[in-house]
Every structure is written in structure tokens, then in C-alpha cells.
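The following pair of complexes shares a single chain, chain A, combined with chain B in the former and chain C in the latter.
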Partner chain A sequence: MLQQNTAPTAARVPGRGLKRRLRLGERVIEGWIFLAGMLAIVVLLGIIFILLKEGLPIFAHTNPWDFLFGTRWYPLAEPPVFGITPFFVSTLWVTLISTAVAVPVGVACAAYLSEVAPPKVSETVKPVIEILAGIPSVMMGFIGLALLSPFVQSLFNLPSGLCGLTAAIMLSLMSLPIIVSVSEDALHAVPKEFKEASYALGATKWETIWHVCIPSALSGIAAAIMLGVGRAIGETMTVLMVAGNALAVPASPTDPMTTMTAAIANSIGNAVRGGVQYQAIFAIGLVLFILTLAVNIIAERVLERQKRKFAR
Partner chain B sequence: MAKSVKKWFLPLALVLVVALTFVGCGGTTTTPTATPTSTSTATPTTTLSGSFKIIGSNTITPLSSIWAENFMNANNKVNIAVSGPGSGAGIAALIDGTTDVCQASRAIKQSEIDQALAKGVNPYEIRVATDALSVVVNPANPVNELTFAQLSAIYTNRITNWNEVGGNDAEIVVFSRDSNSGTFAYFLEDVIQMPGLPTEDKTLQYGGDVRMLPSTQEGITQVAGNVNAIFYSGLGYINNTVKTIAVRKTADDTAVLPSVATALNGTYPISRPLFFYTNGAPAGVIKTFIDYCLSTEGQEEVLGAGFVPLP
Partner chain C sequence: MTTAAFNSRRITQRAAFTFLILAAVVTVMPVLFIIVYTIVKGGGALSWGFLSEFPSLAGKAGGILPAIVGTFYLMLGTLVFALPIGVLTGIYLTEYARDNWLTRVINLAIVNLAGVPSIVFGLFGLSVFVLAFHFGLSLLAASLTLACQALAMVITTSREALLAVPRELREGSLAIGVSKWQTVRHIVLPQSLPGIITGAVLAISRAAGETAPILVVGAAFLLPALPQSPLDQFMALPYHLYTVSAHVPNMPEETIWGVALVLLIVVLSFDVLAAAIRIKTRQRK
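On to the complex of A and B.
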């Protein structure tokens, strides 16, 4: 393209000019790409910097131990009390349960799509699952509110269906597409020879999936699980709508609970910029950031191992 | 071509079925927001123009949306955006300079005035209406009246079963607005902490099992569908799917149901003023708008929205 544009000019200008012009164009594009790359890094560093700058001053008001392990969160009390244990425990409950629901279903679905299903079925089911990933989280929250919470309430005979369990089930539906999609890719990448060898030894389909395919793709599946976990930790709207938002440390999954993300959304509105509550909210954000970063780093490491395993 | 259509037909059909199921679920619970009615054919009485924002109380939102819509119909070059994240959020927005008018269902606190002055914002208070805060339960709940002490005990989780206040033997499901709400702060300071009563206790806070909801409408929906639920809301949100509770300050007082009449004559114990706050005295189009709200015509809308007009 560049060659074509400069061609008429090249007829008039001697060769050296063309060379210089090309080099200049190259330079501009190189610079542009470099800037775009830097921008991403600068923005990311900026976010980390702001999280630290706005969040760390809270520790002058509440010491880190009380902040992380305090069980009471009363931003409007005099003096305000900030303890994030209820939110941390809620996030843990919701994430654990949603993972426990999504992983067996997701991996089984991936194994079915990759090994068992006739091509026609997997061609139909995979796009449907991928569409599931595109449903906005507020819609999932609304479905949870209107359909799932009355069901959970009557099934477990609870005082109200707005509880951690309802949120966890909705979250498992939201992380399912990621888990299915990534695990399916991992299972697909298992070399054909492995399966052929297994069948040649007289193994059944089930034995091949359970003893050959899944173990070989294990690190890919583990990465899929971590990505699903990351999705569950970071999700806000759905849990805000259906988890019940109570301030006590939840003792069971059927208690109402406030996750860290919901706590931020619940109180960011009335926090004055630079105030103590504002700092406390940013500190929650900081804890959340460290948590998701750790999950993502682990996922990345595991995925890399998977890639190296079959890069022969 | 035909093959690819076939390939996409089943997923598409499934998605359509799912989508239609959602449509059947009814309306969403987003806060009402006024939008300019550009198709209005009403001839403008003045040549007012401009746009401004009203942010704050979720309670006042239905009322200020009506005011804003009427005002925009009469002056079609004016654009007013109303949103109701909560009084605290509105006051924070006023202090940060991100809104022109703040609507609040509680008076601004001294600490907030100090923060505002520090940022060069001078909060100017205009009382626009009165609200009677209603305590609601499911129509199937036999409890009809509660005292301040009982309400306080319910909201601090010291009473957890309806039979302790004369109802069924069932766990009380306590709903509240979240801390963004002016109603949250007002109910805490004027009911839970029982000011002016012998049992007054400034250290009381909402109990750990109280479920916080992001909108008032959602609370009404939850109470309508749950026999053991209790919630509080502005009079403007009450409809026949829920039952209002008669409230008395102490066991010796007579129980009074919330209504426009009982709030006006001062017998209903949980009524409160509703405010607009601006940065300095309002001027220009904002002044014209607030004058409209305070006019006889504007105050008629207050009754229509379920609130109590100014005396």
C-alpha cells in the first residue's frame, strides 16, 4: 500500500528521497505502535498508583490488622468503623460455591463437546454457550432476582431467597462459558496419538476421556478454572442484586452476604472524594486487585506450562 | 449458503426462546429518570433554555421526575436529568461539583457543610415537600402496629421472630436501603437510635442480618412477595401490594398510620422534610424551576406523587 502511494512521487524524486520517505513512514508507524504499547502500560501503572495513593491513607485511621480482620463495617457511625472480614468471607463463599458448581459441569461439557458429541451437535452447542458469555451481568442479576431467588427460597426453606447461594449459582452460570471454552480448547489440543494409543489398547471412550484426555489437558483445564474464578471474584452487578447485602460475617452459604465488589458499589455513591470512607473503599479495591492479580498470574503460569508440554 | 443458515438456525432459535422468556419477566427495576420530551408540541411560554442535573435521594426521584417532565414540557429548550442514587451520593456530588441541584431526604450534616466550604461550595437549602416514612409488611402479616422500641430492636436484630411483636412464629426478614440512601441515615438516626426517648442510644447501628437493597422499589417488591419481610420507604412508593404499619413512639401513645393527613397535622411520628440543595442561592433557569416546584401548581404534584405538600 505504502509502495503504491509513493510510486508517482518516486518518478520525480531521486532514489535517495524515496528511501528517506519510506524510512520516515516506517519511523512514524513504529513510533505510533510504541506509543500505543506504552499507553497500555502507563494506564495500568496509573491505576495501580491511584489505588495505592487513595487507598493506603486509610491505614492512618484504621490499622491494617483491624481493617483486614475487623468484623464490623459502619461508615456512618461516629467514629466510623471499617473492617472488611464480612466482605472477604462473602467473596470466598460465593467464589468457592460458584467454582464448585461450574467446574464439574463445565469440564464435563467440554469433554462431551470435544470427544463424544457428533460434529453437528458440538457445532450447535458451542456457539450457544459462547452467547451465554455475552449476556450482560445486570440481566443475570435480574434473572436471579425474578426466577432463581424464589426457587432457592422454597427449595432450602429459607426466610428469603436473596442470599449467597443464589448469587453463587448465577455466577457459576456466568463463568461456565469461559470454563467450557478454554477446557475444550485444551482437550482439543491433546495429540491424536494419545487417544489412538488408548483405543488401540482396548480402552472405552469413558476410560480414554478419564485416564488420557483429561490428565493430558489438566494444566489447560486448571487455567480455565482459574479464569472462571477470576470472573466470579470480580463480578459486581449480579451479586449486588441477589446476594442480600447483609453486614454480618456469613456463617453459611444461605446467609445474606456482601462481597467486596458489592461493598464498593454500595458505598461509593455517598463517599466524598478524599474522605475516610473513600479511602476505605479504595483499600477494598486494592485488596481485590491483589486477589485477582494473583489468580490471573497463576492462570497464566499454568497455561504456559500447558503450551510447553505439547510444543514438540 | 443453505448449510451455514442451517448451522446457525438452532442456536438462534434457542437464543430467541430465552430472550422471549426474559421479556415475559416484566419491567426492570432501574431508577426512574426523566428524559427530555422533544416531541412535545406545547408552545413554550418563555424562551428559557439550558440544561442541568438533579442528583440525590431515591425517595424524591419520582416527584422530581414529574416536576422535571412538566417543566421541560412547558419549556422545551430546557433539559433536566434526574437520577436517584441516594441522598448521600447527591450531597457528595454537590460537594464535588458534579451536580447542579442535589435532592436530599435528610438535612445536610455539619461535617458535609465543612467539606463543601473547604471545596468552595456553599450549600443552599430549599425545603420542597414533606415525606411520611412508612414501615411496610406483607398484607398477609397479622402485625398491624409497632413502637419505636420494637422497630429499633427489629432493625438491630435484637428481635428476630415475629411472635415477639405479636405475629406468627417466623423469622423476621429485615430489609433496608443501602448506605447511599438518605432514608437509611434518617431511619437510623430518628428511629433506630430512638432520639428523645428514655431508651435513646446513639451507638445503635443496623444489625448484621439486615439485607441492604440498592433501590426502594426493590424493597417493596420483596415485601410484596415475602410474608415475613419488613421494609421502610417513602410514602410515594406505597401501593396495595404491601401493608403499612401504624407506628407509635412509646407504648402509651396511640398508633398512627402514615398518610398525607397525619403527616400534615404532625401526629405521624416518622415524617421528615425533603430538600433541594444548590451551590449558593439558585439563579437563572434553576431558580425558575425551583420557583415552579414551590408554586401552587408544583405543590399539587406533590400530593399526586404520594408526598405531603409544604404548609
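On to the complex of A and C.
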């Protein structure tokens, strides 16, 4: 706005050459700022483009139906067979179990932090949860490998502790921070008047949390759950290290599994560039991308609605 | 209301709160356990030699110097690429962008970029930086890949920091005839610097721990020399931990925990640094 105002005067004052040069310099910088702003779009479109370009050609070899619903993945057979159902089902198992564990714990933890805990306690607990978010996934994989899998093995009397369940437990731990922090924000946004009205009616603190706070924050909590799900679907190292890497379609949570992310990590190293296996791996990446994109868009929509609900 | 009914409601509340506290404990305990256990198990492996020597015998003996150096190069590379672009994007969104469809598309792209699985960034980096740009399996390709992944986070934190600068400061500057860019450069940016730095530190701490993308764009398990140029191959701490824990048989347990401890120290010390900057700035205000 201001530039439009100064432009005519700048032309009249002496020393306008300097001013014009300054303005030119600013234009250049502002051009760069604009270009940088576009880069997020460029990267996202670039990812989509690459996945389509490298992944779609597989459908000349395997038709989409067989690719998505085939139960066998034999990249080195002659001819090679690419069916991703084992990976898809593994991802489903691991995600479902980890979400089922993480959601009640995460929401309860958020309710405790925002409604019940004394400020001192929640001030101490929150940084610890942030540390949990900062622990690298390979570290969680290693912990699962070294500590949790022997425990799961003896508890369920399994041939190996490296199975979907072990991975799911580690994943639930990893999706807790996002579920806790987004749910807590949602609970925090519930207007104080709601709670006061509930107390005025004689409700106890817990009744207020259960019948007023959680229902009011429900869409925010739903978004938290979706974000946790997205996190679990996309997580690679932990499942690669502890899920067992079997190629059969898993029938129970205690079966060894290969999720879609782990399948990519396992086979990208020995795939020939542009070969059918390479294409098939990028096609898995495409399926994975579409899944997480859908989950994220839903989460974003729900979160947006939650924000508008209490905005005044 | 009868006393009995009141008591039963109190008991329900007691039970519910116990569950909530339990949930908090279940969330917090594993973190503390992981950190303490790693220190106990890996502390013995830490020595000057472990940090300053090259690995020998397939990583079973010697140190992990090249993995540490590689990880620091990766953090530096990520910072160099992601920070300027992230901050400029933040400036564009807070200071220049109007509320139109383009801005909405950019915001949508940022949100979705944050949700893309790390392994997909790996595939993108492999196809674009390693192969199409001919950077090969190199530090440069890996840094660019990690920078793409870090971008969403740097943008989001920069935008928040810039938005927190009071509007009156901008208006005051514009009112005395200072141009828009000068206002951004000399008023808005310095004010939001602590927030931007916090975000950048968090982003490179995240990059230090990332394994899946560098697994795809070609981190090496063992190298005879430190990388001499951005186009050289590299070792990295998280990839080293993955290989020694999942792929090398008969690995001495203490060494694995030692690698894990060093990784944890690197990542968490940057997290603590970010937290310290945040607390310090809050106190000043």
C-alpha cells in the first residue's frame, strides 16, 4: 500500500536515482520472497509428479486390480508378481492397533493435563511429552527390537517377538505426543462459561469433563486421532525394525508383517532404476501418499471446523 | 439429593481421575525409562576413542567418528537449504500474501507437506536429487531431501513467530515513511528472530534423527574417510544405529547402546537448546 503512495513523490525529489535503485533492490528481494512462497507448492506437486511418473508405468505390467488386491509379492520371480495386499493389510493392522491403544491413553492424558492436573504438574509433564516427540524413530525401533520384542515373545509364546503387535505398541507410543497436544488444545479452547454452567448445575468436575468438555472438544479430538493415524501409517523405521518383515498376508496381530513403508525401505536398495520393481515401489509410495493425504485433509477440515466453533 | 447418590458420584470421579492420572503416567514413563536405560546401558561405551576414531571390524570395534561428522554435515545442509526458504515463505505469507486462492493453496500445500511420510520424501529425493540432478548418493542429495522434509516445519514456526509481532510496530514504521521491505527487515524480522531460531533448531534436530529418507538416498554403513565435498557419500548416526542393531550379527551390545546414546544426546540437546531459547525470550518479554 505504502509503495503506491510514495511512488509519485519519489519521482519528483532530487536523488531519485538512488531511490530508484533502492526500490529496484526491494523489488528483487520481494520477487525472491514470492518465489520462496511458491516453493511449498512446487515440492508437493513435485512429489506427486515423481510418484505418478515413476509409479504409474507398473500398471502396464500388472493391472491396478492385481496390484492392489494381489496377495503375492515376488519381485524376483520370472515373470515378477507384484501384489501389495500383504503390505496394505499389515499397515491396516499396525495402524488400527496402535490407534486403539494411543487414543484412549492420549485423550485421557490430555484431559488430565488441561482439566485436572495442578499447573506445576502439567508444566513438568508437557516438556517430557515433547521429548517423546523428539526421540528419533530409529531409536524407538531399536528399543522395540532390544526390549519390547523379547517381552512380547514370552508373553504370547511366539516363535519371534518381531511381529505386528510389537510394532503397533511402539507406534502407539510415537503417536501419543501429537494426540495429546492437539486434544489438549481442543479441550483448552472450550469456553469457560460452558464449564461454569455445568458446575452451577451441581455437576462434579468429572461429570463436567465427561459431559461438557469432551463432547465440546470432540471435533478437535477427532482431528488429533486422524493426525495420529497419519503418523502411524507413514512411520517407517520402527515397523521396518520390529514388525518382522514377512511377505504373507498377516492373519493375526502376532504375525510378522511388512507394512507399505517397510516394503519400500526393504526393496528400494536392490531395485534397478526404471525396472519393474522400481516402478512397483514408487507405486506403493503413491498409494501411501494418497492414504496419508486423505487422512491429513480430513484432519485439517475437522480442525478448521473446531476452530470456527468457538471463534467469536 | 441423598448422601448415598452424592457418594457414588464422588467415587466415580475418584475412579475416573485415577484413570486419567494413570494415562499421564503411561505417557511419561516410557520416555524417562528409555533415556535412563540408554544412559545406563550405553554410558560404558562412551569414551574419547569411541567419539574420535573410525570404526573397524564392521563397526564392532573402534569409534563412530564418521557417523557423528556425517550427521552434523546433514544438519548443516538441511539448515542451509530449509532456513532461508522457510523464513522467506513465512515472510511472504504474513507480510505480503493477500487472502486469496493462491494463499489458500500455499497453506494447503504446507499442511499436506507436513503429513507426507518420510520414506516418500526419500523416494522423491532419490528420483530428483540423486538421479535427475546427478548428485549421486551424496551429502548434497541427502541434505536437499531432508530440507524438503523440514520445509513445512520451518515455514510454520517462522509464520507463527512473524505473526506474533504486534501490528502497531509495523504501522509505526510504515507511518514514518519506511518502505515495506525495510520494515520487515529492520522491525519485524529482529522481533521474531528467537521464534524463528527455535523452529530452525527443532527442524535440524528432527533432521538429525531421520533415517528412512537417508536410507533411500544412500547413506553408507562404513566409509574409509570423512566426506571431503558435498558430493561425497556419508555415514550418519541414525543409519548407523539401524544397521548395527538390525543387520550386523554378533554386535557387542554395549556398542549398539553407545551409538543409541550418542544419537539421543545429539537430538535431545538440540531440543533442549530450542526450549531454552523459547523460555529465555518469554522471560524477556
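Here are some notes:
Just so we're on the same page, the second predicted complex is superposed on the first by the 286 of 312 C-alpha atoms of A that agree within 3 Å, B and C clash if a C-alpha of one lies under 4 Å from a C-alpha of the other, contacts with A are read in each partner's own complex, and residues count from 1 in each chain.
We adopt the following convention: contacts are C-beta pairs under 8 Å (C-beta built on N, C-alpha and C of every residue); 3 or more make two chains touch, one makes a residue touch a chain.
Computed from a predicted model, the values in this text were never measured in an experiment.
Of the two partner chains, both chain B and chain C are touched by A:F142. By the touch criterion defined above, A:F194 reaches neither chain B nor chain C. Looking at the shared chain after the overlay, A:A248 reaches chain B, while chain C stays out of its contact range. By the touch criterion stated above, A:P86 is placed in contact with chain B alone, chain C being left untouched.
Among chain B and chain C, the chain that touches a larger number of residues in chain A is C.
Of the two partner chains placed by the overlay, neither chain B nor chain C lies in contact with A:F59. In the superposed model, A:L288 lies in contact with chain C only, and not with chain B. Shared-chain residue A:T258: touches chain B; no touch with chain C. Looking at the shared chain after the overlay, A:R273 reaches both chain B and chain C.
Shared contact residues on chain A (touching chain B in one structure, chain C in the other): 127-128, 131, 139, 142-143, 145-147, 240-241, 269, 273.
By the touch criterion given at the top, residues 74-78, 86, 123-124, 127-128, 131, 139, 142-143, 145-147, 150, 159-160, 162, 240-241, 244-249, 255-256, 258, 266-267, 269-273, 275 of chain A touch chain B in their complex. Put simply, chain A touches chain C in their complex at residues 2-3, 6, 22-23, 26, 29-30, 32-34, 36-41, 43-47, 50-51, 53-54, 104-106, 108-109, 111-113, 116-117, 125, 127-132, 134-139, 141-143, 145-147, 173, 176, 180, 202, 204-207, 209-210, 227, 230, 233-237, 240-241, 261, 264-265, 268-269, 273, 281-282, 285, 288-289, 292-293, 295-297, 300. Touching chain A in their complex are the following residues of chain C: 1, 9-10, 12-13, 16-17, 19-24, 26-28, 30-32, 34-35, 37, 84-85, 88-89, 91-93, 96-97, 105-106, 108-124, 126-128, 131, 148, 151-152, 155, 174, 177, 179-182, 202, 205-206, 208-212, 215-216, 238-239, 241-242, 245-246, 256, 260, 263-264, 267-268, 271, 275. For chain B in complex with chain A, the touching residues are 7-8, 10-11, 14-15, 22, 25-26, 28-29, 85-89, 91-92, 95-96, 112, 115, 170-173, 178-180, 184-185, 188, 202-203, 205-214, 218, 222, 225-226, 228-229.
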